[in-house]
Amino acid sequence: ACGSDNATNAAADTESSDSALTGTLSGAGASSQASAMDAWIAGFAKANPNASIQYSPDGSGAGREALLAGGVQFAGSDAYLKDEEVEASLGTCGPDGALHVPAYISPIAIAFNLDGVDELNLDADTIAGIFRGEISTWNDPAIASQNEGTELPATAITVVHRSDESGTTENFTEYLAAAAPDVWTTEASGEWPAELDGQENAQGTSGVVSAASSTDGAITYADASAVGSMGTVAVKVGDEYVAYTADAAAKAVEASTPVKGEGRPELDMAMELARDTTESGAYPVVLVSYHLYCTTYDSQETVDLIKAFGSYVVSEEGQAAASEAAGNAPMSAALQEQAAKAIESIKAAS
Amino acid sequence: MSKRIDVKDLNVYYGDFLAVEDVSIKIDARSVTAFIGPSGCGKSTFLRTLNRMHEVLPGARVEGEVLLDGENLYGPGVDPVTVRSHIGMVFQRPNPFPTMSIRDNVLAGVKLNNKRISRSDADDLVEKSLTGANLWREVKDRLDKPGSGLSGGQQQRLCIARAIAVSPEVILMDEPCSALDPISTLAIEDLIEELKSDYTVVIVTHNMQQAARVSDKTAFFNIAGTGKPGKLIEYDDTTVIFNNPTVKATEDYVSGRFG
Amino acid sequence: MSKRIDVKDLNVYYGDFLAVEDVSIKIDARSVTAFIGPSGCGKSTFLRTLNRMHEVLPGARVEGEVLLDGENLYGPGVDPVTVRSHIGMVFQRPNPFPTMSIRDNVLAGVKLNNKRISRSDADDLVEKSLTGANLWREVKDRLDKPGSGLSGGQQQRLCIARAIAVSPEVILMDEPCSALDPISTLAIEDLIEELKSDYTVVIVTHNMQQAARVSDKTAFFNIAGTGKPGKLIEYDDTTVIFNNPTVKATEDYVSGRFG
Amino acid sequence: MSSKSIQGTGGAGRAGDKVFSGITLLAGCLILTVLFAVAAFLLWQALPTFTASSDDISGGSGFLAYIFPLVIGTVIAAAIALLIATPVGIAVALFISHYAPRRLAQGLGYVVDLLAAIPSVVYGAWGMTVLAPALVGPYNWLADNAGWFPLFAGPASQTGKTMLTAGIVLSVMVLPIITSLSREIFLQTPKLHEEAALAMGATRWEMIRMAVFPFARPGIISAVMLGLGRALGETMAVALVLSSGGLIASLIRPGNQTIAAEIALNFPEAYGLRLSELIAAGLVLFVITLIVNVIARWIISRHKEFSGAN
Amino acid sequence: MIDTTLTRSASLTKNQLPGWALWATFAASIVLGAAFSALLGFSIATFAIFAAVLFVAGSTIATRVVEGSRRAADRFATNLIYGAFILALVPLISVIFTVLVRGIPGLSMDFLFTSMGGMTGTVDNETVASGGPVLGGAYHAIMGTLLITLWATIISVPIGLLTAVYLVEYSKGGPLARAITFFVDVMTGIPSIVAGLFAAAFFGLVFGPGTRTGFVAAVALSVLMIPVVVRSTEEMLKIVPNELREASYALGVRKWRTILKVVVPTAISGIASGVTLAIARVIGETAPLLVTAGFVNTINLNVFAGWMASLPTFIYRQLMSPTSPTNTDPSTQRAWAAALLLILMVMLLNLGARLVARIFAPKTGR
């Protein structure tokens, strides 16, 4: 009875009471978005004090399940709906099914813990070789040849991968499978390939980061915002080595192609990233996390809330808030505009 | 308030084991009846059938009738709990409630049944019962101490006090004095003498002198051998049993001038 | 194998409560000594100090000396475990091990010291001990059944059998016959008579006749009032105590011709 | 002092008895119902897994091939946990009930119960950040010096996140359960029997073996079963502490996985058949518990006649 | 008389290890332990292990030689039991130390009385940059945990107790009772997440998909709690001596009153510890809460509507997806502070249970 929801000691907002929006929206899904979502929820609440959004970062799969079962009004997902899910969405999410809107873009860093080395240049084949365990020491010629002038110790490489199924793994292996098809012969998947048995692993982004940071010679992949003080890999794209930056990530997203198909609404923004792009300055190891909405909701109230929230998320302001809080890459202006349009198309069942 | 007990052709079983066979006995109201006999002959077992405590043991059952003033204890519709509140019992081993004070132990029969009783009535009852059991003097200053802190003999007297506090019509006592010193034993015997004027008392004892001293009638039980059922051998006035028994076994048993 | 016990100025405490005060007594080897006295006067407490069972209770302690053939039981470097294997004990309440068979109960103490006792030796010992406790006939066909399935009296005799099976030098018995029928009581008394020729026996009893029958010497304990410590009032040959006591209290006590 | 007839009286009181026993029966049945509901739920959700073609199951060679390593992993984890926690837990309980100075004992009991108070995430976090790194050295030593023994075959994990670490963390979690239940039971051992043993000249340890253990045996088994339940069902701690992987004999290399952790790790991203698979794995865990309990029951019932009651 | 096969020392003091012998063994094992440990590169752990092993072996062998095998077994057992206790203290101290060191800095009035409402990574980034106090608290989670656990207890304890009473007092070992006992055992092995999924599915069926409330979580926790309550209570009721029941029946007391007023109070200490154990077992559960109560940053005190936070999920989320991925320290600090709180809560609960036990427990005056 004596607790307070005002953790930041923000002054009571009086000017924003012009918003007429009320109600609660529930969402569930990708944990990658959790931090950004905190920022969106806080930002949205400031402008709409009578409406509230709650988001449970249960995981992309759980979020999609919940949306399709009608348990939540929106979902966050690191992957777009598979065809069979699209089919399922047609009934439960209105006649036009579910709508993908990208909301959170973040480069995946390939991070390592090696004394005295902060940056390495590696091509896709070498990265794949390392993560397959075929390259097992840091002074392997394959690494050394790309990093003239860097003192490489003979330390054994300890690969740390995600033990839980994850969007990060899926995007990372997608990159490896596309950019190094000769070495990475396994299909891309959210689960680390079972054939690469016996490697170290840990749960969650923070798990792999903490395991890698405390193990000499470790290498892992994780959302770039989370890698802290570990060294990172600049990835060979075309002829140059590109380090991860927000811009580089956005560039890679722009090079993507939209996913089209039966049952996907016209303005849908599900996209296939070009992992093997050779475009200069693009960083292809990137994760795009979507918001999934229904194209049609039962009540106008929900539609109003969804539209207000959805457009806030993809607005300049929303993207800035997220990137400030979560350290991810904001969406490009063009993408923001396209997303806003898509959200506008959401309507109430008549 | 006292009642008569008629037992007709009673067989008592533990599961399949017939422990006591075919006992018929008439116990008069306002009298003291003693059960004597060698160890394991079924005195305790038979005694427990008189207030339906026997059936508390898993697998235990009886055949036959036990009539309390003509009403069959084992008749249909008879509630064993009612039976037991008419027929009190004191056990061979003292068993005060460990969670209760001495006072509460005495009042257990009243309080556990949720009967309301005024503070002063309760005090009177406690004093009266403890005095009756010859314990009052020893514990009157520590009525609020746990009952398990007493010596064996004190505990047994506490249990007697507890049993008489509910004023049953019949009191069954299973070797109540076996843990007592002579002074307490005498007190209990006096108490039995007193109780007799109002109640029916049945007492199991190994002590011939005690049986001779307190009882009006004596029943001698015996057992033919291990695994055989116990039987009522002879039942008569105490003087007859001790001085002029008809059965040889009885004579043998009582003539050894034991304990 | 028998040993003499000398107790010198022994005070026995439960925490701060002085239960037995200033007892000095000489117990001869190869004799039976009886402790008598009213309930709560500290007979059991004192008895338990003779084999250091007293200190098993929390807070319990003693002051003074107990000499076994001149060696102080409470001396430095004396292990209570050794003491107890020299001085056996039978309790007021029968306590066979419920998880052991009758046979194992008898052998329990023996197996502690002699794990590899041969099957036939063990059989002999079981039969001898049970016969000594007058239980053999009743249980010989169910030696492998649990000891807890016996009647109270049978259980007590089992405990006696268990105590004598290890042939201690001194045997302490705390009202061993209080739960027994006359036949078993007689058997135990015969047993005590027999044990006497080799062992030192100390027995607590409420039964004057028993004390008179079996003991060579008798110690009378008394207590001045509740909360007061128990004291040794008089200690002398049994015939003297029962026929010609020097202290008035003793005479009063033994002259009531109780149980 | 009623001299009423014994017949027909006490109707109300009798109803009280009926009602009370009825309520207790109801409670028992409710538990059964819930359990059947859980089982039915599991079966219903797992059904697609059993009907799916084996290619569609994770690993591509059918459910049995998928679940087998997990079952073994679960059993290994629980076995390590119990192997450590049972003797230590019983010893600690004994220490508190029969060895520690009486004044200390209460406080000590409290201290050990504290272990039960620690949430599994905290155990997980502790295992991950404190225990696992601390064990890297010993594991390397084991791999170097006892590597010939399959359980300690190297190369040892460089993060310390292994099955052995997980087992140790589980054993710490299980310990208070075993300790606190055993302790309560040890304390209830009849003084009569303890004194009987001591009076025969038994040492303290012999007294414990003669009087305490036989009396407490069914209770100890119950306590261990409760502990086992926790070890089998624990998710978070294992998920955080173990570098999972395929079946492997060595306990000091990354590898192996438990059913509960497998569910927890993959549930968030699972949908469709994968979800059903995970729930089927839950069902298997259910069955494992069932089998273990059958065995425990059997052990208890073998000695029923000699139980310590009364 | 019976021929004695015993080999007994004639004297009471002969064959006793002198008092200083154990101390000498102790000193020797310390020295040797240090020496051996130094051979392998000294560390506290190896030193402690060597010293302990040497002491146990040394004292046992010395006892064996001087006092015989029985004393040796006793000494060995005593050593092991003390050793086990010390061993059990190691993780306990380590965990408590870890939690204290990492948790205390995060405890403050603000932490106790505010929620995470309005908290974003930006705030944490600023905190880290400015070195100011960490904002955001666990009030919502504390209340959630209290409410959910309270409801779980309200559901489980009566059901668990009554079932145990049925099993011990009424069932007479019939097939139903055997089934209950058996399945209760099986229930102890239900993985916590499965219990959560079950509750979520059940409420989903009844109240529509996606029903997540504190109450759903309480039901999930009850599934985990009930078997612990039943099992521990059952054991405690079983060891109440039959004599007491008989004494009560013989006074004409009804069975149900006997149970409530004699049997249960006699066993209350054990029951209380069992219940505490059960609560402690579930109060720290994370997985089932994630799928049943949802996850929020703001206060909700209604268990029947709306999502609800709890301390374990709070800890889990703060650790696994920190509020600010770039600056995780504030989140880590909040997580450990919350862990410390959770432990303190269970400690208080434990104290309460002990108090209850003390009030009702059998008075062991004798």
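Going in written order, the chains are labelled A, B, C, D and E, and every chain counts its residues from 1.
Here, a contact is a pair of C-beta atoms (placed from the backbone, for glycine too) under 8 Å apart; a residue touches a chain by one contact, two chains touch by 3 or more.
Because the structure is a prediction, the values reported are computed rather than measured.
Visitor: Would you mind naming the chains that touch chain A and likewise touch chain C?
Guide: Shared contacts of chain A and chain C: D, E.
Visitor: If I count C-beta pairs in contact for every pair of chains, which pair wins?
Guide: Counting C-beta pairs in contact for each chain pair, the top pair is D-E.
Visitor: Roughly how many whole angstrom separate the Cα centroids of chain C and chain D?
Guide: Roughly 46 Å, centre to centre.
Visitor: When the C-alpha atoms of chain A and chain E are each averaged to a single point, how far apart are the two points in Å?
Guide: Roughly 39 Å separates the two chain centres.
Visitor: Give me the residue numbers in chain A that touch at least two other chains, ranges are fine.
Guide: 31, 58, 62, 203, 207
Visitor: By the touch rule stated above, which residues of chain D touch at least two different other chains?
Guide: 13-14, 17, 129, 190, 203, 206, 267, 308-310
Visitor: Which chain E residues reach two or more other chains?
Guide: Expected reply: 70-71, 74, 241, 243, 254-255, 257, 291, 319.
Visitor: Provide the residue numbers of chain A that touch chain D in the complex, in ascending order.
Guide: Of all residues in chain A, those touching chain D are 31, 58-62, 64-65, 84-85, 156, 158, 160, 163-167, 190-191, 194, 197-203, 207, 210-211, 214-218.
Visitor: Residues of chain E touching chain A in their complex?
Guide: On the chain E side, the touching residues are 110, 113-123, 125, 135-137, 139-140, 143, 204, 208-212, 290-291, 294-299, 301, 306-307, 317, 319-326, 328.
Visitor: Can you list the chain D residues touching chain E in their complex?
Guide: 13-14, 16-17, 19-21, 23-32, 34-35, 37-38, 41-42, 45, 87-89, 91-92, 94-96, 99-100, 106, 108, 110-123, 125-126, 129-131, 137-138, 141, 168, 172, 175-177, 179-181, 184-185, 188, 190, 203-206, 208, 218-219, 222-223, 225-226, 228-230, 232-236, 259-260, 263-264, 267, 279, 282, 285-286, 288-290, 292-294, 296-297, 308-310
Visitor: If you look only at chain C, which of its residues touch chain B in the complex?
Guide: Those residues of chain C that touch chain B are 37-40, 44, 92-93, 137-139, 141-142, 150-154, 157, 175, 177-186, 206-210, 226-227, 253, 256, 258-259.
Visitor: Using the touch definition up top, name the residues of chain A that touch chain E in the complex.
Guide: 1-10, 24, 26, 28, 31, 34-36, 38-39, 41-43, 45-46, 52, 54-58, 62, 66, 69-72, 203-207, 223, 225-226, 228, 321, 324-327
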